[in-house]
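Sharing a structure here in structure tokens format.
Read from first to last, the chains carry the letters A, B, C, D, E, F, G and H; within each, the first residue is number 1.
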Amino acid sequence: MENKYVKYLRNETLPTEFCVGCGCGTVLNLFCHVIDEMQINPDDIITVTGIGCSSWIPSPYFSADTLHTTHGRAIAFATGVKVMKPGKHVIVIAGDGDLAGIGGNHLIHAARRNIGLTVFLVNNYIYGMTGGQVSPTTPSTVNTATTPYGNVEQPMQIAELVAAAGASYVARWTTYHVFHLKKAMKEAISKKGFSFIEICSQCPTSYGKRVGKREGIDQLLDFKENSMNIQNVSGMREDELEGKYIVGKLVERNRLEFVDGLLNINAQFAEGVR
Amino acid sequence: MGIKRKKIEIEIDERLCKGCDICVILCSEKVFTISKKINSNGYYVPIPSNIENCNGCLICELICPELAVILEKTELDELVAL
Amino acid sequence: MNIRFSGFGGQGIILSGVILGWAAVLDGKNAIQTQSYGSSARGGSCKCDVIIQESAIYELEPEHNDILITFSQPSYNAFIKSLKEGGHLFYDSDLVTVDTNEFPCNSIPATDIAFKEFKQKIYANMLMLGFLAEKIRFIGFRAIEKSISQYVPTKTIEMNIAAFRMGIDLAK
Amino acid sequence: MNNQKYLDSLKNKTLFLQGDEAAAYGALFAGCNFFAGYPITPASEIAELMSRELPKSGGYYIQMEDEIASIGAVIGAVWSGGKSMTATSGPGFSLMQENIGYACMTESPCVIVDVQRSGPSTGQATKGAQGDVLQARWGTHGDHEMIALSPWSSQESFDLMIEAFNLSEKYRNPVIFLLDGEVGHIREKVVFPDINELNIYQRNISLEKIDVFGGQRIPPMIEFGMGQRIHVTGSTHKSNGMRDVSSMEAHDTLIRRIYDKISSNRNEIAHFETHYIDNMDYLAVSYGAAARPTMGAVLKLRERGIKIGFLRLITIWPFPIDICTELGKRTKKIFVPEMNLGQVSREIERFVNCPVESVSKIGGISHTIDEITNYISANI
Amino acid sequence: MNNQKYLDSLKNKTLFLQGDEAAAYGALFAGCNFFAGYPITPASEIAELMSRELPKSGGYYIQMEDEIASIGAVIGAVWSGGKSMTATSGPGFSLMQENIGYACMTESPCVIVDVQRSGPSTGQATKGAQGDVLQARWGTHGDHEMIALSPWSSQESFDLMIEAFNLSEKYRNPVIFLLDGEVGHIREKVVFPDINELNIYQRNISLEKIDVFGGQRIPPMIEFGMGQRIHVTGSTHKSNGMRDVSSMEAHDTLIRRIYDKISSNRNEIAHFETHYIDNMDYLAVSYGAAARPTMGAVLKLRERGIKIGFLRLITIWPFPIDICTELGKRTKKIFVPEMNLGQVSREIERFVNCPVESVSKIGGISHTIDEITNYISANI
Amino acid sequence: MENKYVKYLRNETLPTEFCVGCGCGTVLNLFCHVIDEMQINPDDIITVTGIGCSSWIPSPYFSADTLHTTHGRAIAFATGVKVMKPGKHVIVIAGDGDLAGIGGNHLIHAARRNIGLTVFLVNNYIYGMTGGQVSPTTPSTVNTATTPYGNVEQPMQIAELVAAAGASYVARWTTYHVFHLKKAMKEAISKKGFSFIEICSQCPTSYGKRVGKREGIDQLLDFKENSMNIQNVSGMREDELEGKYIVGKLVERNRLEFVDGLLNINAQFAEGVR
Amino acid sequence: MNIRFSGFGGQGIILSGVILGWAAVLDGKNAIQTQSYGSSARGGSCKCDVIIQESAIYELEPEHNDILITFSQPSYNAFIKSLKEGGHLFYDSDLVTVDTNEFPCNSIPATDIAFKEFKQKIYANMLMLGFLAEKIRFIGFRAIEKSISQYVPTKTIEMNIAAFRMGIDLAK
Amino acid sequence: MGIKRKKIEIEIDERLCKGCDICVILCSEKVFTISKKINSNGYYVPIPSNIENCNGCLICELICPELAVILEKTELDELVAL
């Protein structure tokens, strides 16, 4: 017998190559549930991804059209896809290093442009695939393969940044919050315009072991214990929020979607050159 | 509208499970136990040994990183079932 | 002499190879060590090759091995073909089932012994190294012990050497 | 208005166009319906024209945040049914290199215009050059082949752009359109054809499930949204598109096929023009902007009784080896006027035994006819 | 601890190091005090070692947001008194191309390591290759020369990195350190020298106001903070550094000087090693990883009585033309084992008249000695 | 006689090549005043810039060490400069296209890293140097050389974005607000950590003429009439704020400066390898 | 025939060249037009070259010009050297002071007339074009007028042609 | 501390001015007037014709894009000056 959501996967690629207990699998699992519950035909989905463990969630596992691009460029490629296929769900899933590190510029500009992509950024606080180098989201003071004496940089607050850049929908959840996250994924996919979820996820191999959480479950329990809903944090000091995962919906608003904007222009010429 | 009774079946897909034990630990009803049996990929697949305790919260099925938890929830209409 | 260590990531496969290679150098020989890494080091089989020679080493990736050490069934399956005719097979007898009798076989339940004797499975690799070193006497024990003490964390040197020596004993 | 109506409205028109503009119109005639770019001198005119004309013909123009994003969007559009292109100059072309390799690896047909300016680096931004010829071939990492074309007039810029799209679709490879700042900015007469009489290569699309990345030398494409759930990756892949990054065979098969599909069709792809080669002692080889004064010089030299032939390259990559080899046997010396320090001249050296002399000029001003005439006169 | 103390602590040590690690230690011995990079297989080990060791020797490690930023920071550091470097692999190397051109144009000494992996595009990320050899020469736009070195062992990786910094400082040019994934990841014995016995080229700095960008073939540098208010630009500039983007002369003078400072010193920069060339019918040419099995094959072939010589290139760019030309005259055929589809073999073709045969292997596994031996035996 | 601030300029480069009435000159002018009033020796300044008209403010005009880099990369280059010369004032001046368009990723990461650079972003709402193509800050609906039928994208709120990215000091002023801007420049230069001012500036040639403001003064008067202090806008709706310039200080906070972080690590090894 | 128009950005220099070049094509000749642009179009001198020939044009950038038209002192200073021996110089007599008598000179205060007659300085270029066309009869007036009407905004066609014709009259 | 009296001198640097007239328009006291005189670069340089009206706000000097406004403000101590 098989889990009924496995039908959404490319069966020949299973079991996944993710490490034991990796959160990427949970994101994949939830994504299947969401597609199922929303009754979306995978033929109407185009997934776009970059390079990194998290990028493997859609590529190769999820069975839909899949564009596995270069490191950091998923959103740029997805922009071309969405413009030519505005009727499809164009869904980008990739890592923090990929989308917010090297790819940060495409992220903020796509949010600003409000192009109708759905982006799930899997933030595992590290460069997983390359073996555990510091990422833009690695908390300060953590030792990684390239911060052997502790990280002196501040971690990026990606969801807040994307909200400031102009996205139509922004939320943050962790892989522990499977019910909330599932709901948020549905909202994000339904939302017209640029929608974005930062998913805090465990990486036992490359991150967890560096913070004394060697098993996937250890980080999950950390998510469980240290999450706070965004509605409850206003007024709290930066130091009070350290080590906390601020979850919840940050933004939901309506603005002109980019491809609609282009289509409006083209419509002006529908009857002749103006 | 009658009272519903749920029938739940849980299985773990041996082919897919990697023995991370997340289901074991996060299940509030302790439905799963860690096994000693290795599958062909070298992982210890948990056993859903206390299915009767399951409250149908679905967290195991949703959170399993390998889509290995097979959970079938059949809702039986109490009136009919009686 | 081409030696391949193989198994899962996390079993100390690569460390074994590095220690052996460096020991060979300390023993005055030429040695190179290579390893597979990256995504395949996470999921599937992982391997570490060591070439040891008196003369300069020009080959980089041996096609065939004189010795294969393996700690998992998938890696055994993957690499048994690489073993030369007359090559030696070493394996953890609890973790690997051998389906050929082409090769001289040497096995101990290294992981199990490590867990029983040293409370941690991770010492299985040093047990196996000792076992190998005694069975195929090609590198001095001194050199290997010196290499071990340079490569393992200071706090674990003693335990690792103890495991290594137990491996030697088991081979006698 | 759809593309057909739009193109009908341009039928047989004669305009006074810059090479850049002519290239853009050529793209529209070729069926280009997606342009993503980023402004840069001397290529911005292409983007500007496309932003104005594409909506009229039912296509889409988008200005991205940089050149990397531009080529990314172009490739994304290709797999979503677009005939797509971008245009840039040296600095942007350098930035695009990683994704140009991706386009090669995924066999994504698209056209990348590089209106060459005087480099390296920012150099002389408003001055033309031909300094990116070897970059067009070798700019991205790893083994690959490349198609690159270089027009010498506005009219050829128009015509050749259609050919660029055709080659790109036919060989499923990116095509580099090597304009130079000089040709890009000269304004001269261009006559548009009747679209209905043009030969536009239609993308070879399979409606059945096939191997999109192998099986035949140039597999047909399947696009997104066709229900085939294709997998496109710049990692080494099997013929069905699925990643296989550990097998030597998978890599060797894929890369050699991609390589061979171009190099084995060299003579079909390689366009050139010859003048006076039946009766020559010397040969001039040139292309793009430099070919114009070279042609002028050849005419002058022949008037003076010097038996010089002229080979004008139109396709630069794959390099027209056969004609070079053959002409190399029949000449005492080859002169190669180029607006660089000698790039095509190097390639010629591989195939001939006679001396090859680069007549190089850099600094943003094209050779005059007299300069070339005098140089050749003095060096024969 | 300062650099001197740190290096003293490493004096005459023998270690078992990967080629990557050896290169990093070489850089530390050469005085490298700034590293900016971005992780990528198979080059990450260099960054990791530098992040661990640089602080000990008083230097700085920074992981940037991407490779473009990395090379940018490297060049910024150079002008601020740093001896600086970065390390990457093909995809990152492609991204760096624009700023590598900037480094050429501004004559900024720095070292860029490209640990080549199997491409194009993402290819086989964990497999070694030699596919970026021509990219190292032509990857950035516009006319420029380049220095590129390629070691064949961990020890040479260490030694040659010191040479890389020396050449970079001496010629005020970026140096590409062309490691390959194979050599980068082999672990073998490396013996460190005594720093006090090493020849470290000290940056030629002028304390007086001079022309930093001209006047002499290789002008001394002036660094930021010296009160000289220098002006550094990637646009065409006069010898005092001030932008002049419209004069042909300014461009011609600058670019030809930058070009000539390398090419006219070709024989001083070009290192190679020859074996058995005094008595040969055939010649093998190789470099980097491929040179090892080639050496093994040459030994085997000679045992079998085949008179084959071996030229191992250490400097790839500027290309060692003279030795190739000379040996080309004395051999019936040249065999070039490379882990690519033939790159150095193309360059050799320019200078010899005998047949040049590429013994190419791709797919991430290096040639075996037997493969090369058999190929050559069968093709002589 | 000569204006006494001209001594801060490379005299042989004057008059500037800026168009008549361009705001770049005003920024240059104010910068000279600031350096003078702060009594900073130009020998202690290293200016770093990208490509574009605004990048010409320091290069070639301001007489200090000048690193004129590639398009969009000024902050990346400046990072290397600051690490090696932490005692110097490393000042980046460039345009919106350069720093927030192509260079946006370096901007947000430098802000996050909190490296002690001072960045003056001259926002002229257009790509000036290349002749008037749409920029990430061009207001919606404006026609430019590449949006002939009106811009369908939303403009980027750069200062807000940089604030969200983690900068230590963020302000926005216009070239009309010479006194405020001068003061802000001083604050920015004095501030430890990443400091940033978005300077709204007129570009009569490439932008002004497209919005019916053909002379520099026309846009200046627009700045004068349509600016609102950030302290007075909270609670206002998006549409009420359209066409307004929100000026003032957005952020001022103290965080560990990046190079200090590096120096702390190195200090641990001052006495020996640990 | 090589013709160079020069002056400040905003004086309609480039438009003049484009109109003339296209007129030549309409007249059955070969013509190419090139221009300087970018930063130098903002501050300093701006130029626009037109080459008109019966035969195919292979030269891209003429070294010397047969005709120089100039609307500013800096551009006069910069380009007077480019004029061939025996070449013709045209200039706006209010804006340019000529310091040589090497060349046949033709001047009108075009900008001033334009402002006076058409209320806008911008028509100076068409005035000058008419003046030039009459003085050097090399392109038919019809062709030029057709070209003008294709290149100027529809609303201003009439004014531009009026200015062009006034230029012709001034030359008579 | 006595009352201060300010003496102000204003000049425009002909070499640098580009005649943008920003100083003319933004000066609240109408100190500058547009001139008809062209400088050697072809620009109309304003004339500080009403210096006596200047209130010393400095905006002209600060905002001039060409650093062409030369404004000298000498503060004379009233007591001494008397």
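Note that in this section a residue touches a chain if its C-beta (ideal position, glycine included) is under 8 Å from a C-beta of that chain, and two chains touch if they have at least 3 such contacts.
Small disclaimer: the values here were computed from a predicted structure and weren't measured.
Participant: What chains touch subunit B and also subunit H?
Facilitator: none
Participant: Give me the chains shared as neighbours by subunit B and subunit E.
Facilitator: A, C
Participant: With respect to inter-chain C-beta contacts, which pair, E-F or D-G, contains the greater number?
Facilitator: E-F
Participant: Averaging over Cα atoms per chain, report the distance between subunit A and subunit C in Å.
Facilitator: From the centre of subunit A to the centre of subunit C is 41 Å.
Participant: Once you find the CA centre of subunit A and the CA centre of subunit H, what distance in Å lies between them?
Facilitator: 58
Participant: Return the distance between the CA-based centres of subunit F and subunit H, expressed in whole Å.
Facilitator: 27
Participant: Give me the residues of subunit G that touch two or more other chains.
Facilitator: As it turns out, subunit G has residues touching two or more other chains at 37-40.
Participant: Touching two or more other chains, which residues of subunit F qualify?
Facilitator: Subunit F, residues with two or more chain partners: 16, 18, 70, 102, 104-105, 109, 131, 136, 149, 262, 265, 268.
Participant: Which parts of subunit D, given as residue numbers and ranges, touch two or more other chains?
Facilitator: Residues 41, 55, 65-66, 68, 91, 98, 102, 121-122, 125-126, 233-235, 245-246, 365 of subunit D each touch two or more of the other chains.
Participant: Help me check something: in the complex, which residues belonging to subunit F touch subunit D?
Facilitator: Answer in residue numbers: 51, 70-72, 101-102, 104, 127, 130-131, 133-134, 136, 145-149.
Participant: Which residues, counting only subunit E, touch subunit D once they are in their complex?
Facilitator: The contact residues of subunit E facing subunit D are 68, 90-91, 93-95, 97-98, 101-102, 104-106, 114, 116, 118-127, 129, 131-132, 134-135, 137-144, 233-236, 245-252, 255-256, 259, 340-341, 343, 346, 349-350, 353, 362-365.
Participant: Mind listing the subunit H positions that touch subunit F in their complex?
Facilitator: Within the complex, subunit H contacts subunit F at residues 11, 13, 15-22, 25-26, 41, 43, 59, 61-71.
Participant: In their shared complex, at which residues does subunit C touch subunit E?
Facilitator: Listed in rising order, the residues of subunit C that touch subunit E are 18, 21-22, 25, 30-40, 57-61, 63.
Participant: With touch defined as at the start, can you tell me which subunit E residues reach subunit F in the complex?
Facilitator: Touch residues, subunit E against subunit F: 1, 6, 9, 34, 36, 55-56, 58, 60-62, 64-66, 68-70, 72-82, 84, 98-99, 102, 224-225, 227-235, 242-243.
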